[in-house]
Amino acid sequence: MLIEALVVSCLLGAAIVFFTPDRYAPKLAFGLSVPPLVLSLYAYVAFDGSGNALLGGEIAYETFAEWLQLGPYAVNYHVGLDGISLPLVVLSTVLTTLSILSAWTPIDDRQSEFYGLVLLLEGSLIGVFAALDFLLWFVFWEAVLIPMYLLIGVWGGPRRKYAAIKFFVYTNIASLVMFVGFFALIFGLGDAVSSTGMPAIAEALRAGQLGYLGTPTVGVPPDTLAIAAFLAMFVGFAVKVPVVPFHTWLPDAHVEAPTPASVLLAGVLLKMGTYALLRFNFTMLPEQAATLAVPIAAIAVISIIYGALLALAQQDLKRVVAYSSVSSMGYVILGLVAYTVYGVGGATFQMVAHGLISGLLFMTVGVFYNATHTRMIGDMSGLASKMPATATVFVAGAFGYMGLPLMAGFMAELFVFIGAFESTVLPAAPVFTAIAMFGIVIVAGYLLWAMQRSLFGPFELETDYELGRAPVHDIAPIVTLVVLIVALGVAPDLIFEMIRDATLDVVEFGFGGGS
Amino acid sequence: MVTMANEWLLLSPAAAFVLAALALFVIDAFAPEDADGGLLAAVAAVGGIAALSASGVLLLSGVAADGVELFGGQLVVDGMSLLFTFIFGSVTALVSVASVDYIRELPHKAEYYLLVTLAATGMSLLASANSLAVVFVALELSSLPSYALVAYLKRNRGSVEGALKYFLVGALSSGIMVYGISLVYAATGSLLLSDVASALGGASADYPGVLGVGLLMIVGGLAFKTASVPFHFWAPDAYEGAPAPVAAFLSSASKAAGFVVAFRVLVVGFPIGTIAGTLDWVLLFQVLAVVTMTLGNFAAATQENVKRMLAYSSIGHAGYALIGLAALTNAGGPGAEATVLGASMLHLFVYGFMNTGAFLFVALVEHWELGRTFEDYNGLGREAPVACVAMTVFVFSLAGLPVGGGFLSKYFLFAGAVGAGVPWLALVGAVNSALSLYYYSRVVKAMWIEPPAEPLGIERYPTALYAAVLTAAVVTVLLLPGLVVFDGIAFEAAASLF
Amino acid sequence: MAVPFETLAFLLFALVTVGASLGVVLARDVWHSALLLGAALLSVAAHYVMLRAEFLAVMQVLVYVGGVLVLITFAVMLVRQEPDAGMEGVR
Amino acid sequence: MALIYELTPAIVFLPLASFALALFFGRWMPKKGAVAGILATAGALGLSVVTLGWLLLSGEVHDQTWYTLVDAEMGVDLAFGILIDQLSAAMLVIVSLIAFLVHVFSLGYMNDEGEPGLPRYYAGLGLFTASMLAFVMADNLFMAFVFFELVGLCSYLLIGHWFTEDAPPSAAKKAFLVTRFGDYFFLVGVVGVLVTFGTAGFAGSEGFPALAESALAGETSVNTFGLSTEGWFSVLGLLVLGGVLGKSAQFPFHTWLPDAMEGPTPVSALIHAATMVAAGVYLVARMYGFYALLPTVLGIIAFVGGFTALFAATMAVVKNEIKQVLAYSTISQYGYMMLALGAGGYVAAFFHLTTHAIFKALLFLGAGSVIIAMHHEEDMWEMGGLKSEMRTTYLTFLAGSLALAGIFPFSGFWSKDEVLFETLVHALGGSPLLFGAYAMGITAVFLTGFYTIRMVMLTFHGDPRSETAEDPHSVGWNVKFPLSVLGVLAVVAGALNPVPIEMLTGAEVDFLHDYLYATPEALLTGAEHYSSLSSYGSGAIAGGEIGTMLVNAGLSFGLAVAGAGLAFGLYRGGSPARHTERLGRVQTLLMHNYYQDEYQVWLAEGFTVRLAAAADTFDQGVIDGTVNAVSSVSRSAGARIRQIQSGVVTNYAALVVLSLLALLVVFAILGGWF
Amino acid sequence: MVLETVPAEYYLVLSAAVFCIGLFGILTRRNALVFLMSVELLLNAANVNLVAFAFYWGNVTGQTFALFVIALAAAEVAVGIGIVLVVHRNFDDVDVTNATTLKW
């Protein structure tokens, strides 16, 4: 019942905050975000699952109840956590709590609605990571869109409407394509499964029970079906991730979104895409993934390099960070396609690490923005002398992003690189890996450049705002994030152990896992 | 064995409408000066609630699970007919309650409610019609009051013009349909669906053209009722012109009625297995579905008027529901066919609430005299948050986001299409659905994101209209988890048609 | 082979039906249309008689010619514009 | 396990603690964290010395995993381990000594000058020291990389210490970026090593050099990704070398180092003498067991080293700022070390590393002292005549300079001589390609002598050429103390390994040689093991080994003295002339550093930034354009579609009928009705 | 039998002709009343079929249905004329192409 308690505490919190006067909303929302956080931390501490939830592992906090009937298939209420989903749930709760704190300063309009939506978003996100039935999962998956649409649309920047609708429609159309693809698989399995439960489908697919979609005479043959479904799902999730060339909604959404929404968008929402890729494409259709390894790896590498180049070209700090997410997510894809323990585990680790780091950077940019009301790199310089603590954290975050050792990002990237390098699924794996790794140079380039321009040098600012030290509730969340990032960098096994545990089964599919 | 008494019992949902209509006659005859129409609305609403309760009880009791034929097979009461009668009852009740405030200032309220209940009677008969003759009669019974309802605001040019167009296209369509029926009769010698089906083998060999043209024309008549392309032309104009509650009634109940009769006529009367050689109506419906949803959604995307946008969106939804027929390719086996058809029914079921709710919200705004364009809705969320939350639920549910049952039903439909071997149809639907998100979210954007140009000055909060809107919203939301109550019924009802 | 009487009668009435129908849609004056519609309906009634549907024929005459046509005539009168307003509205 | 090895981690943790203390509490601490830093580095130095002593006495080495980051059940473990052998123990002492002295010096250089941001400064120094020490004791390549990178971070922070000015942040960025570029190759190499061998350990039969050795011998097989075994190992070696070239500022990655002079001078001392720049060379020495297997790579290392030694020396000749001269000399000297390593002179390389650490730290601190005196003026043409005002500084600086110039009997002479000797011997022993490297090295000796003495002359001799030079600021004990310590060491450090003396007298005085040969065989990290791996043969010219030695020593000493003499001759007198103009266009070339910066800046800004801008245009135009086009096409399609709804009901009817007719025709044909 | 010599196809042709004439009227005439009358022609065409084939098939289904059609046609005309009258009141005209305030 822990997961239910988590989701319900979020939704209940959302409802309460929604009807609270604006004056009390920020603090109340923070208070109400603590129970889910505590619950998730308890879930982490008391975690007793093992193996992969879809592939016959011990699922922690499992709940199962019958729900709907879709023709011949039962749609059940089935939730549970394993080593892949638990870290992401904790990530969601942590980032939500912190982003609520970071919203205290910038959000001064319609607060109760804002915090209500944030908590609603948190509940949906937890649902996405916990759901083990496809349709239930899809409910949460789509539910995430609504609060995010409104968060961007109502509290965003000048082009918020354009950005919000772009985000909304683009990711929605992708979800629909994915949905069609996945259901083609379910129906292709025919009688081999009797429900839309993800574990059953995963095992049936891995057992090679995919048959014709329709009848053998007029239907789609299993091979074609599997590839087509794989592609449909891949495209669907790739938009969410986002992967080049489906990424253009991201910078717009990020730039226009208010800081807390950016934090959650980059920190958790993007992970939905990679999480889904791992859960669906790479867990359920390993052979197709192996067949398409080269194009997927190529896309990953292009995302990394091209995304980094785009970040380099930006003048808006937030856009820099936004494009860098495209780049970072490329590592996840590369890790996934490698099909090694380090690759897939590293991809998962990177989801968490990038969640924390990009969240940190967005928050820090937000703190600067609160003070200066500009994000254009050319408009400011020498901020470090006026806002030393924030600048320190920004530097820490930037180095975290660059993959500085002993910070989470480095471990994640290293895992991915090792995993990708040793991949036996991906032809010319070292070449792909080596090219992808060049991203760490470009990322250093644009972040150092951005820091040099904005933080250092003589103080200049082309706005009328008085600069002062940031308040404690702005600093506290970013410092917390730095601590978490370093903790994960120094002791990756805090979560990597459970992640690895859950990925072993994924990569064990005839092409060996790791060295 | 069904006794006479039981037969009448099975017709109790329809009877509820008839009784309500009679009661309205009586009340109007003896107390014509009922000032606010509350009693009249209550009677109509009670009629609707009685109908939905009766059909609900009958559904749950399972007496009609296998289908009970009445009057020599002219009528049939089965899961599908009861499910749809449930829809008609709910929509009638909602519309009646909402209309109290909407037509408070207008004369001839009794006629209004009378026409509503009579149209509902026609619809419930349509749901049970098992012969082409009954189909035509019931269709006219539900259509003729609708024409009049659209023209209810008889000093309003839009209302009258809408009625004129609705009527003219309707008359043309009914002419085409009855001619089609006559041709089918010419080819098969029967109007009873089961007899038509059994006569198909021989007759279609003799007169393939006559039968084919006839069926095509019947489909045309049904397409008119469901507002499917190319017989949809009346819909945007009539919905926009009509009083908003009437538009709600037409776009929800009347459309559902068209679909229920289409399902029965085509699946029972013209099984695709035997008639495919003459007229592959599955292919026909594939064309219609694609064209309908595309045209509806694309045209909706550029509307300035919320009501007209909803009108086009309802055409788009007709396109989705048509997938239920267009996917019966026999490629996925009978189970898959029942799934997609059942999903189509479920979608119409949920649609009955969410679409009615959306139009009733428009009615609420019209009641406030704020205007009908998106700009007129700007900033409404701050003035009337509760109603706007409800509207948000409606439009997002219509768009297929998980705030209401519309999410599940739409995706069931797409999933069913995939299972039935026409994934491309699901993809077309998916693309359209994503496009629909664009225009639906414009409403949300206007209400919540845009600031109002000037203070809206809302002073009245009409209780009945609010109650109807909120009820529809609550039911829509509850149908997300609560679809479990109806999904089995729908799929079984669909399976029993084959 | 000589054309049978029945066929001749059919053809005759069919000619009337079609001719009158054409007249309905082609007549410039709506009033003429109404009259020609009456003719068409009557000729259809004649067909009914030939088809051994005498009751229907009676109904056709009563309901259509007696009811519908009168209604239409009535409507024509109501909506007809004053002569000096021209014939625009009734074409 | 000896108690001392249980305390070894403290060598790292003490400076790390001073980092944390200074960062968080520095504002309230005495001397803003300097005291903590001094105490911590003193502690580290003490522990290092004890460790070295224990190693000397007992010969017990230490190699143990200390902390496992990732315990991958079916992959490579990622762990931190401590490897204390002769090499690392000695290096620990050097690093902690220099760090300690730099901390002390900073007290004078930074605190006394009232600089802002001192807690930050001392935090940076602490972390810098800690990272370097951890790097030194790393027992595997992964850990080495981790701390290698942290060293880079610290150099970024410290070089950019004066961030409110424009130049330091820019220099810091450049330093980090250029070394990062090298580290990119290093990281690929680390990953490659991890994947190829399943371990990154340096030492023992489980270490990757040993595995590589057995793989090359054909005893075991590893995944070589389609290349030949040696080919693949060479690729790995070169990849790791990328990091080395970056950090040790070897051509073509040397460009960051002169710019890094923007940092506070003590930091320069630390960077150049013992930490960052030394890290690269140390890494090659650390995994020499691997490189020794790969003659091709060794050749490349030797050539890069020799070339860098010469190349940097030429540029040092024309520089006007004292720290610039020192910077190029650093590049040049590390070139010698690389040359030694590449030429199989493992001991020589380490010897030179040691002596260089001492005299270069000394020189930088001395330069710092001068800069304090000159009120932060660095142009040598503004100085002159300082020797009378700054006795200690002058004497120690001179000692360091003579060491650098390679003048007998200062420490630099011995080590540089040995480097060149090893190169020559191996070149003679059947590797004629090394002659090229040797030639460059020996030429650079002349230039080194020249620019060193030029620097001394311009700074200390002649007449004061500015007002500040006439009345320099005085410096305190905290400046003089480190200078004195280092000055003494610079003179005597050559005694560590005076091979020529041993050759000539037969006395067993090659202590460093013996010391490095004493590493237990089991670790496979000893010089003895390396010499067994080496494919270099030894040869000699006419007079046998001693003759060769004498020729080489004579040549290098002669050239050094010649260079020094030339400089002395040119720049002597009260107001020396700027002779560089005489070089003509060569001067321009040298002042522009062979346009190395220009092309690298072009690569970064001209090429990459333009490429990025092009990518951005493409992204906004084509990719996002497509997205937006789909949206606007949809909308305009919608706008067109709705035009069907003309409002005229007759049209509706016509459209209904026509559509029906069209369907009728199509399905009539399909159904075969007619 | 009297009519055995008149084949059913003749009636089909007749009804089709009437139907087409009705359609033609609908498509070409703008007067709402003529529109109504044309619809009557459509319904009559259907009726001709129904009655003819009731005779042909020998059952009364067609005739009965035709009766219903007549009744409904009457009702439809009644409703239609009502609408035409309000249109006339609002637009001062019975030209169906005049009422075009609702479009697109």
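Annotations
Read from first to last, the chains carry the letters A, B, C, D and E; within each, the first residue is number 1.
Throughout what follows, a contact is a pair of C-beta atoms (placed from the backbone, for glycine too) under 8 Å apart; a residue touches a chain by one contact, two chains touch by 3 or more.
Treat the numbers as computed from the prediction; the structure is a model and nothing was measured.
Under the contact definition, chain A and chain C share no contacting chain. Using the contact threshold fixed earlier, the set of chains in contact with both chain B and chain D is A, E.
Grouping of the remaining chains in the absence of chain E, by touch: A, B, D | C. Compare each chain's C-alpha centroid with the centroid of every protein C-alpha atom shown, and the nearest one belongs to A. Comparing chain pairs B-E and D-E by the number of C-beta pairs in contact, the larger count belongs to B-E.
Averaging Cα atoms per chain gives one point for each, and the point farthest from that of chain C is the centre of D.
Chain D and chain E have Cα centroids separated by 97 Å. Annotation: 11 Å between the Cα-based centres of chain C and chain E. Rounded to whole angstrom, the centroid-to-centroid distance between chain A and chain E, based on C-alpha atoms, equals 64 Å. We define each chain's centre as the mean of its Cα atoms; on that basis chain A and chain B are separated by 41 Å. Residue numbers of chain D whose C-beta contacts span two or more other chains: 631, 642, 645, 647, 649, 653, 657. The multi-chain contact residues of chain B, meaning those touching 2 or more other chains, are 164-165, 168, 172, 176, 236-237, 435, 438.
Residues of chain A in contact with two or more other chains: 169. Chain pairs that touch one another are A-B, A-D, B-D, B-E, C-E, D-E.
Residue ranges of chain D in contact with chain A, taken from their complex: 68-76, 78, 142, 145-147, 149-150, 153, 156-157, 160, 163-166, 168-170, 172-173, 176-177, 180-181, 184, 187-188, 191-192, 194-195, 198, 223, 225, 604, 608-609, 611-613, 615-616, 619, 623-624, 627, 631. On the side of chain A, the complex with chain B involves touching residues 67-72, 135, 138-140, 142-143, 145-146, 149-150, 153-154, 160-161, 164-165, 168-169, 172-173, 176-177, 179-180, 183-184, 186-187, 213-215, 218-220. Contact residues of chain E toward chain B in the complex are 8, 12, 15, 19, 22, 26, 32, 35-36, 39, 42-43, 45-47, 49-50, 52-54, 56-57, 59, 61-62, 64-65, 68-69, 72, 75-76, 79-80, 82-84, 86-87, 89-91, 96, 99-103.
Listing the residues of chain D that touch chain B in their complex gives 631, 634-635, 637-639, 641-642, 644-645, 647, 649, 652-653, 655-657, 659-660, 663-664, 667-668, 670-674. By the touch rule above, chain A contacts chain D in their complex via residues 166, 169-170, 244-245, 247-249, 306, 309-310, 312-314, 340-342, 382, 384-385, 395, 399, 402, 404-406, 410-411, 414-415, 417-419, 421-422, 429-430, 433-434, 437-438, 440-442, 444-445, 448-449, 451-452, 455-459, 490-493, 496-497, 500, 504, 513-515.
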